[in-house]
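As written, the chain order gives the labels A, B, C and D, with residue 1 at the start of each chain.
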Amino acid sequence: MSKLVLRRIDRNNEEMLVNFGPQHPSTHGVLNFLVETDGEVMRRAIPDIGYLHRSLEKIGEIVGYPGYMPYTDRIDYLAAMFANEGYAIAVEKLIKVEVPKRAQYLRAISCELNRIASHLVSIGTMATDIGAVTPLVYALREREAINDLIEALCGARLTYNYHRIGGVAFDMPEGWRDKVLHFLERFESLIQEWDRLITWNEIYLKRLGGVAVITREQAIDYGLVGPNLRGSGVDWDVRRDVPYGAYPDFKFDVPVGRGWAGTVGDAFDRYYVRVLEMAQSCRIARQALEKLPDGETMAKVPRRIKPEAGEVMSRVESARGELAYYVVSDGTERAYRVRARTGSFLAMGIIEDISSGLMIADLIALIASLDVVAPETDR
Amino acid sequence: MPTSPSEYVGNIRDTVKSFWHGMSITLSQVLRRPITVQYPDRTSVPVQDLLPARYRGFLEVDAAICTGCQACERACPISCIQILLEKDAANPKQRVVSQFDIDEAKCMFCGLCVEPCPTGAIQHTREFEATQRSIRNLVFRWADPLHPFPVYKVQKDAPYFPRAPLGSLVREILSRRSWDANGPAYLPPEPLKPPPPPAPKPAAAAKPPAPAGAKPAAAATPAPKPAAAAAPPSADKPADPPPSPGSGEPKP
Amino acid sequence: MTTNEIHERLRAQFGDAVGPLSEPKVDPFATVQAARIVEVCRWLKDTPGVEIDFCEDLTAVDWPKRNAIEIVYHLFSYKHRHGIVLKVEADRAKPVVPTLEGVWKAANWMEREVYDLFGVTFSGHPDLRRVMLPDDWVGHPLRKDYQEAGGFHGIPNLRENPLVELRRLDEVRLAEEAKRNPPPPPPAPAAPKAPAAAPPAASGGGAPPAPQNPPPAPKA
Amino acid sequence: MPSKFSFAFPRPNTRRILFFSSLAAVFVIPVALFGLLVVYLPFIQKDVFFTFVRETLHRDPDSWAGTQWLYGAALLVAGLLLFTFASVSGGIFSWYERRVAGRIQSRIGPNRVGAGGFFQWVADAVKLLFKEDLVPAEADSLLFRAAPYFVVAGMTLTLVALPFGQSVIVADLNVGIFYILAVTSLIVVGILLSGWSSNSKWALFGGMRSAAQVISYEVPSGLAIMTPVLMAGTLSMQGIIRAQGGWPWQWFISRNPAAFVAFFILFISQLAEANRTPFDLPEAESELVAGYMSEYSGFRFALYFLVEWANLWIISAIAVSLFLGGWQVPGLEDQDWAALRGAGSFPPVAWWFWQLLSVGVFAAKTMVLVTVVIWIRWTLPRIRVDQMMNLCWKYLVPAGFGAMLFTLLWQIAVSKARIVQDISGGVLFVLFVYAVFRFFVLTRKNISRVVGDRVDLTNW
């Protein structure tokens, strides 16, 4: 933490400065919070990020368009499929390529499976941060099933590199479709079990109800996106409101925070919106599998991609909110500027103003409910 | 805080009900089968066979059907493949590959090199067990500089390319090397030559404009491929090598 | 309400402070003078018909040829589902742009990131310090002319490239091999001996100009 | 060649004698200690000891000065025996908890070191002994080193008054339960010391939280203990157990509805005093890294873990002794025990067997409760500090008072008509059995609710 920050904290009062992180069990990766506490109650938590900054935007300018695809996985390795899709859509807009229908459906299926896996990690770590270790193991056990499915599809468990500019790398292996349908059927019954185990647990409700409330205006003003935004009652989902890819063909509803545990926009709402979203993802994946059209999975794309000079912004509804890719091209084979605006980065911005008056245990609940992960924040 | 008695009793009832359900679920888990796969020794079949066919493990190059087209070298975003073609001393018509190295330590197993390969010589295998004490052992060398292999000529009507069974060559390389062998001793880094006279266009300009992962031109430049900083070899300005501080290279 | 209609209303309101809408090479944008950007944004946020309440993205692009750093604002409205892209040009040597932190709180952290990676100072920003890099970092990485420092506080982040080193070892072995049994006289002196075949064994360091690049001969 | 020996994969060429001897030692020690305790402890009961002095040493126990010294030495040996047995059983409980927790989390738990991973705790203990035992730089080194021994002392002292069997108890104090309550607060002193002296903010947080928690939970546990004391009329642990019968409807928990409530109050507050989830605030992994134990490593860390698992046994033993009829063997009344004891100075061999049976009954009941505590730990989330205080002062203390008042009235009613006691015993027992049945039906349904799951006890 820098001297500039310390200057902002007046040292005469006898509050304790605690460094929460960067090696701390519940800061979801390498994040650091300088916390001013007076005993249990915090006056302020100043976030400090950058421990996992790999300058992926600079790499975008060095590596060619197709070569950057594996790097988009590294922006958020828990939900890598969305970053792939976002970048692919952006470059497809630049070179004006129409992706075949089958590839769009395969993208939707792989993304929804990845959303379930990412939400499982989020609600699992949330349960652990509140103290219950077993739900995390159940969540990771289900995520293991998804990892195996996606590994059969594209060969990797975390950094998929499955989408390509103009389509998808591989088609569905045979027998995969029934495996996914069986998994979806089993998973929907597991969500109910999960709810009975932890969601309606009285201690859980008391620990998350009315904690770290973010009002609707604050959420929009601070630019929160995804489940954090919907948890505060804003009914906005990029898949439905600014549709892309194959999503116009699917019917699904968007869960919005309704104050199940007291107030709208508290930590429980953001958590329960993710649980409901997993059920919707199952619906979408099932519809996509049933209506999967035939056809090839890759459009005609020149071997050396040289888009004409211009810029484009593509929006994708990632597991952690709206992931926006801003690509500027100057006619050469390498992008002139690649910018990925992620949900976690903005969610970090709100922590300092929301955290005054919280207790330490609630700061952990706040961080877990915002589902902030270090790679997405630092890029 | 609970003020009304009904809320007071309600809290107790909810607590008891939710604990009742929660405890019964955890007990029901005790009666189900744990999902642990007892790697490494108590699995029904070696773990490699449990993995799906498209698993992206170590790369394997079948020298018999490699046409030396360097498509994989160009496709790799972090340029961890290096191929060197030469004229065969015996008959100049035949080109030979004298160096085909893949730095598996830096490879991120993204699979971009497998796609453009015309004959499918380079493939991902399902091997993943290759821990080495020294990172220098993780460079797999598929061509012996002393006996470079001839380049494969693709017959027009070849129905398929005769390929060694997937994974066999990698397993053979791994078995040859014990895990704690120390790596090859590199030569000391070369003293920095003064930058070449600016007049003639340096050799870099003549090199094929490799679209992906342009290699640093000057030999002396310690190619900055820091796995840690993950910034791939920044395309040095062809004019002058970056002012690397001092030798900039840790002594081997 | 499409981007063009927003742009017309902007032009009507602020005259030439708002530049012409660029011809749509995929996404159109409008350039705004740096001085008036705060007014324009507040107007965009407060006018009933427009109500752009979500500052979707705030980033910068470095144009060394035009000696300018462009600050790009992607603005979007949840209510009306429309948005516009604004740009502000700032001089590359000393880029100073007024902050939008007052209009949208989301801009706070994004401006700090642009300050950190591009060096654009936002006047009026409450807490302008580097967000990602350590505070005593020199230089702004996302600028085009940024030179990698090769390490930080004396910790080098360079590692010798095993491929290059192994090749140099091969050449030494090839040289010894060549010395031990001289290669047969070439049958037809058609092609000049490939330089690699007889590397200058003497000067250990004198590696051929581009060892790890394919020698120019092969493509012949 | 680096040696390839590892506990998990013993190579054939390892010297087998070393291997099997360590296995034998580690298996024999707990059994030997247990047997020794069961045989030795009855000896130091007041009456047996005096007859021993009178007959074998031909001295008059009251006048001879040596009896005090001899009794002191005997107690010292008993204390050492008990402490070794407690630490060994602490280790065994750590293995038991990890296996149960594994099974709950649908994984296997330790199963490589020894059969079923039984000697995992030996491996852990040996590892912790070899680990570097560092003291932080600016830590208050004297207090830092002393803190674990306070906690171990607190744990060992409570064992002295715990009744394992009919006459298998180190010191049958007539203020038994009162003494136990007093001594457990020594653990708080240890935790506070460690929290303060490790000069780390996390430890300080952990220490403060633990002080608040354990002290504020001693009030409801004291109140809950009042109920069995009132029903039994004595503070001595053996007295309370003797006042209960062997059959479940004769236990205190079912003889008085208020005692049923008091049992749960005692159970919850004992959980809080032993820092077990949902009250593991002092060493909350996800908030305070490791709470008061953050700076400890090596042997001192092993001491804290030893105490935590031994505490697991102690809180269950107290609850079993007070409410679930302790070592009472169903069907054996007091006069049966006297008959078995017979007149002679040296109890007949059959008597030892019955002692062993009573200890077995006590151990079985305690293991059930220990399993419930472990099961709770791996199910419930953690409570927040202010909610913990709120639960204590707004729910447990009023309920404790209510239970005590009800017991007073209940005792009057019982003294008038003894039948009331049996009615309540029968009713509560039937209610309890029905609840357990409903619970298992629900558990069976939980398994079938998930598509593709079924009862499958393979893959150990």
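Keep in mind that, in the parts below, contacts are C-beta pairs under 8 Å (C-beta built on N, C-alpha and C of every residue); 3 or more make two chains touch, one makes a residue touch a chain.
Keep in mind that this is a model prediction, so the values were computed, not measured.
**Student:** Could you name all chains that are in contact with chain C and with chain D at the same time?
**Tutor:** The common neighbours are A, B.
**Student:** Where centres are the averaged C-alpha coordinates, which chain has the largest centre distance to chain D?
**Tutor:** C
**Student:** Can you check how far apart chain B and chain C are, centre to centre, with Cα atoms defining each centre and the answer in Å?
**Tutor:** 26
**Student:** Compute the distance, rounded to whole Å, between the mean C-alpha positions of chain A and chain B.
**Tutor:** Distance between chain centres: 27 Å.
**Student:** Between chain A and chain D, what distance separates the C-alpha centroids? Give it in angstrom.
**Tutor:** Using C-alpha averages as centres, the distance is 46 Å.
**Student:** Among the residues of chain B, which are close enough to touch at least two other chains?
**Tutor:** Those would be 19, 21-22, 25-26, 29, 35, 229, 231, 234.
**Student:** Taking each residue of chain A in turn, which ones touch at least two of the other chains?
**Tutor:** Correct list: 55, 58, 134, 138, 141, 193, 196-198, 201, 203.
**Student:** Of all the residues in chain D, which ones touch at least 2 other chains?
**Tutor:** 104-107, 378-380, 446
**Student:** Chain pairs that touch, all of them, please.
**Tutor:** Those chain pairs satisfying the definition are A-B, A-C, A-D, B-C, B-D.
**Student:** For the complex, which residues does chain C have touching chain B?
**Tutor:** Touching chain B: residues 147-148, 150-151, 156-170, 172-174, 177, 183-184, 186-188, 190-191, 194, 196-197, 204-205, 207-219 of chain C.
**Student:** Taking the touch rule as given, give the residues of chain B at its contact with chain D in the complex, in rising order.
**Tutor:** My answer: residues 1-2, 12, 19-36, 38, 41, 180.
**Student:** Using the touch definition up top, name the residues of chain D that touch chain B in the complex.
**Tutor:** Going through chain D, the ones touching chain B are 2, 9, 100, 102-108, 375-376, 378-380, 390, 394-395, 439, 442-444, 446-447, 453-459.
**Student:** Where on chain B does chain A make contact in their complex?
**Tutor:** Interface residues on the chain B side: 11, 14-15, 18-19, 21-22, 25-26, 29, 35, 51-56, 75-78, 108-112, 115-116, 124, 211-213, 229-235.
**Student:** Which stretch or stretches of chain C touch chain A in the complex?
**Tutor:** Contact set of chain C toward chain A: 25-27, 29, 53-57, 59, 61-62, 72, 74, 78, 81, 85, 104-106, 108-110, 113, 117, 127, 129-135, 141-142, 144, 146.
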